[in-house]
């Protein structure tokens, strides 16, 4: 039981993919009253031109992204390029709950920001991954405390959430080596945003898998490392390779780590079972041999705020293999924002969110 | 305002695509309490093996499809092959609301049944397309009356809904010739069900468009003709060609008709505007020149109980062209069932359904 | 047996999809020596940046598109936007064989040009569809005579070839009504070229079918009508609707026509059998009941200069339904160019071309 | 210059994907005369039913797979399930060149066979990866000597070729640690063969990435390890995870290894440059900063016997990352067979094969 707590919410960058998805989820949230929608180049046009799927908001006109327009709401969601969200956020009143879907406030380490993003560091905000384990925890509680009552939330990067959820139980439990992690991801095209670049055209992407951001340059790397340090890793290093595959949405992250010395392979799974047994949005798939689908498919997460995780031990290779599937725009972005919003406002964490994907 | 009217619902054929989609929607319906899930060959297995996306029901065990198992519920949804649904339906108590997602009870004409399906005709039930115009109507009311309080509902075929919604306003208004209609559809693979046939393999379907059911043999033909007769056509004939294209869901139906003699092309659009202005689940896209997306895309309907319709006049060719997009498993199947269920039980028609699709 | 007739060939617009495909085919042509590659905005860059699939030419540098650069070759292929090809073609020497992959020289009717394209009409060239039936023919010969020794060739539009091949045998044989034709096409994204437009992004196109160019506005309409007039139609009208579906290449064209009065449905197929029995690049699929795949799939034509055609009679609807599958960049564009080139130079028509597609 | 050496070739398993692709390539081979086509369950049907893309062979009738039918040819290609090829191969005359597309004769280690495949080991044959480096080599010569004049060839597994080509230059040069390798692959559906399994349906695969064969169980693991031992690794271990992504063909393999102690990162690339500078079918993509596409896409290899390779060093993570793209049915299967056939018969290695892919 909870008291009704209706709130108004503005979405900046409403014509983009992240902003559009935030709107889709907020339309389904029983307490949200959608206020201003803003855009930069698209200000003045109607939302239906950009998001014909948002039937209920088709005729809403986009306003310019200014502190004046955004400031009068209880909640502001920023779906802006990095740099832009830091700038506008600095102008918003303290009492407004601001959720930044972009990167500006994720990293605590200014040097890492400078190395991977360049430019001035906007500082860090409470981090919108409620399931993040802190060192010594077997189930996540500390991160939820950080988010309770917060007025600023940095929503995690989509790839970061996938890799963190895959690996963190083993890091926190000490059964994985945090050095020499390797992650390779299959990514849908919406993760690249609505950018007009040749390699993002349908003619190029259909029927093809292509690598990008290879070799330690991807901006999600320091954020993964930061999370795993929170989970207890003394030092972390990860080789991280995303690849584009022909789907509009979805991330399938294969993340592996060496088994820590002296760990019995039969004891590995328990860490994941403990971490996720009671998580509403993370499902550890059943172990082999019980008749259920064993390895995740992104299809099962489409449109849902769900991450599916599986873990196995490859004893020949001495590595633990984890596979995580999620919808990059939901659990990877806008769903994480709504989940964090619920925590920040003291609403039930699952309010307005679904765990059931759309398949086939 | 309405009184709560909680109901129990069983789903037969729960391991198939139509049954799975019914479950996804019923999970989001505030009054539905999901009871027995049944299957034929898959009885005894758990739902998570077949629908890993239905997180909330993953551990539910499938029971055999019998009248005993199904009979004790307020509502039964049948997602069964044609023939099978007629057989089980005949054994269910009169007071139970039965929604048949299959074909057995759609056609009123036993001869048409015999010609297209073969075998004995199970008779016809109230038809679950609330938006179906009856002769003389400009907006649909009569069909809703048919469904109010009904205890048996025949849910329409997915292609039928798409073509009917596209053409019926012009038929009912007398601006279209009902003879010599031509419809060609781009269809997603889920419409073919979970059949293990070579041409339905991903390796075959990816990157390819293929025709099937060409030349007047498709079983949805008599059902379209029946609907358009209800809408006022004295006689109807349609050339109907579905094609499989590489998407999991969705129908894009291009349906054309000759302009009726003496009709001013400028008067055509008014019939569609009148028919759909107040429909909660059918959106006529804006006319040219107003800056919104003019022609439908199936992407905008994914997961939603929405049909997007557009109409144009090709004066050179003397034909009116309509394009309708919908999700074959939602507005084309399970969403239509829930919408009909709401009407049959006296609940608000839109309860538990969304109009906002998932895109991109 | 033929004498070797090595020729040099330049390709203008080499960084685009049509130009790239022309290069792929010319690389496989035993008599072609590839000369200058030119581009507009991309001049100065290397081909490998734009077409990483053309391994053999990866390091070739693109030159500017000028008459000086192009003029010194035996053959010039123009893969340019309409308007641009007319302009450069006017500056090329008479003795050079020029094949225009664009629209500038396809239409004989200046008024139709003005209506659909606007601007000045560049005049018409011999038309590069060797299989085009002329009135009174049962198999195509006249068009090949037109192309023999030609020094200018207008290569047909991709949709035009698909619809023309589907319908022309019945038009020429008088078994089809040429008025009130209806064609709906499923089109791959490469047909839209390498344009950076939002609706052509992979995130938008994956999993979606979308209509465009609906309502009698598509520029391929007058060209189809022109072809069918050549095939003997006194007057022609066609409703033509292309749709984008999630494939990189391919056209599946469903084109229907009313059966001409008094024609016995059993006599229809003979016209197609006669027209295509000896065509090297058009295959009429077997009639029903003989155990072979009956309806075309674009998958079977990928990369090949093949059109697959099937025809059926829907007696209930009084319409003949034809379905044609082809690769828009091969038989629809660059393959037609090479086939015409072979005819123009007196080489074997099939030289350097394959009929075997790449599947699955 | 070479003498003509026409040969007859039979293909067993002609209705499957590997057999079909062998036929497509053999149709383009100037010296091949295609003889018997055989099948098991499909014997008696025509090839056009199974491979409508093979226009030139559509009417050929499939014979049963027996030594009598196959034995009278110069060359026999076996596209059969493992177990079946070993059985039929044992009955074929010594003088016939037999190329096994299946697994039966790839592994030299009977224990590894038993562990991963089970059952009796059929023994090993000369291995059809001409580019395989032997210890001490900087460019591949020894493997070609093994294949010259061979009468039995075991064609490699498709994933194996991708991972081997990615990693072997660094293994042979000693700049990579051969222990603790990690490879994750994005795989097209044709790699799974024409199996009628639910997870291979188009409705399931479209729009989804799914993991399978995770955790050290995939049968390609011992074959990769075997190859890298040939390349000089004293001991090898690899964590190998394939994933299915929505494409019909293609493998994008991301394979990483730790930099060997004391190696200067600037010296790494030289090993790949030396290994592949003169390989006709392997292209090392240009280094960063020279303006060409840097990381491979499978689109560039469709239909071609080409592997595209790139290598980079992630100094933060201490790992070398390689990405290899190839067409699983060409360089991964049937193209490797034709290349090996050319070597075995003393024909030019590249005869009848193309390096140019089909894109977009």
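Think of it as A, B, C and D in the order they're written, each chain with its own count starting at 1.
Basically, contacts are C-beta pairs under 8 Å (C-beta built on N, C-alpha and C of every residue); 3 or more make two chains touch, one makes a residue touch a chain.
As the structure is a prediction and not an experimental result, all values here were calculated from the model.
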More Cb-Cb contact pairs, comparing A-D against A-C, go to A-D
From the listed A-B, B-C or A-C, the one duplicating B-D with over half its contact pairs the same is A-C
Rounded Å distance between chain A and chain D, as computed from the means of their C-alpha atoms = 37
Interchain centroid distance [CA atoms averaged], chain A/chain C, Å | 46
Quick one: which residues in chain B touch 2 or more of the other chains?
-> 17, 189-190, 201, 203-204, 206-208, 246-249, 296-297, 299, 302, 359-360
Which residues of chain D touch chain C in their complex?
-> 17, 20, 24, 27-28, 45-46, 48-49, 51-56, 58, 189-190, 206-207, 248-249, 283, 285-286, 291-293, 296-297, 299-304, 306, 308, 354-360
Seen from chain A, its contact residues with chain D in the complex are 180, 182, 184, 186, 199, 201, 203-204, 206-212, 214-216, 221, 237-241, 243, 245-250, 252, 254, 256, 258, 295-299, 302, 310, 312-319, 321, 323, 325, 359-360
Chain D residues within the chain B interface of the complex = 17, 188-190, 192, 194, 196-198, 200-208, 246-248
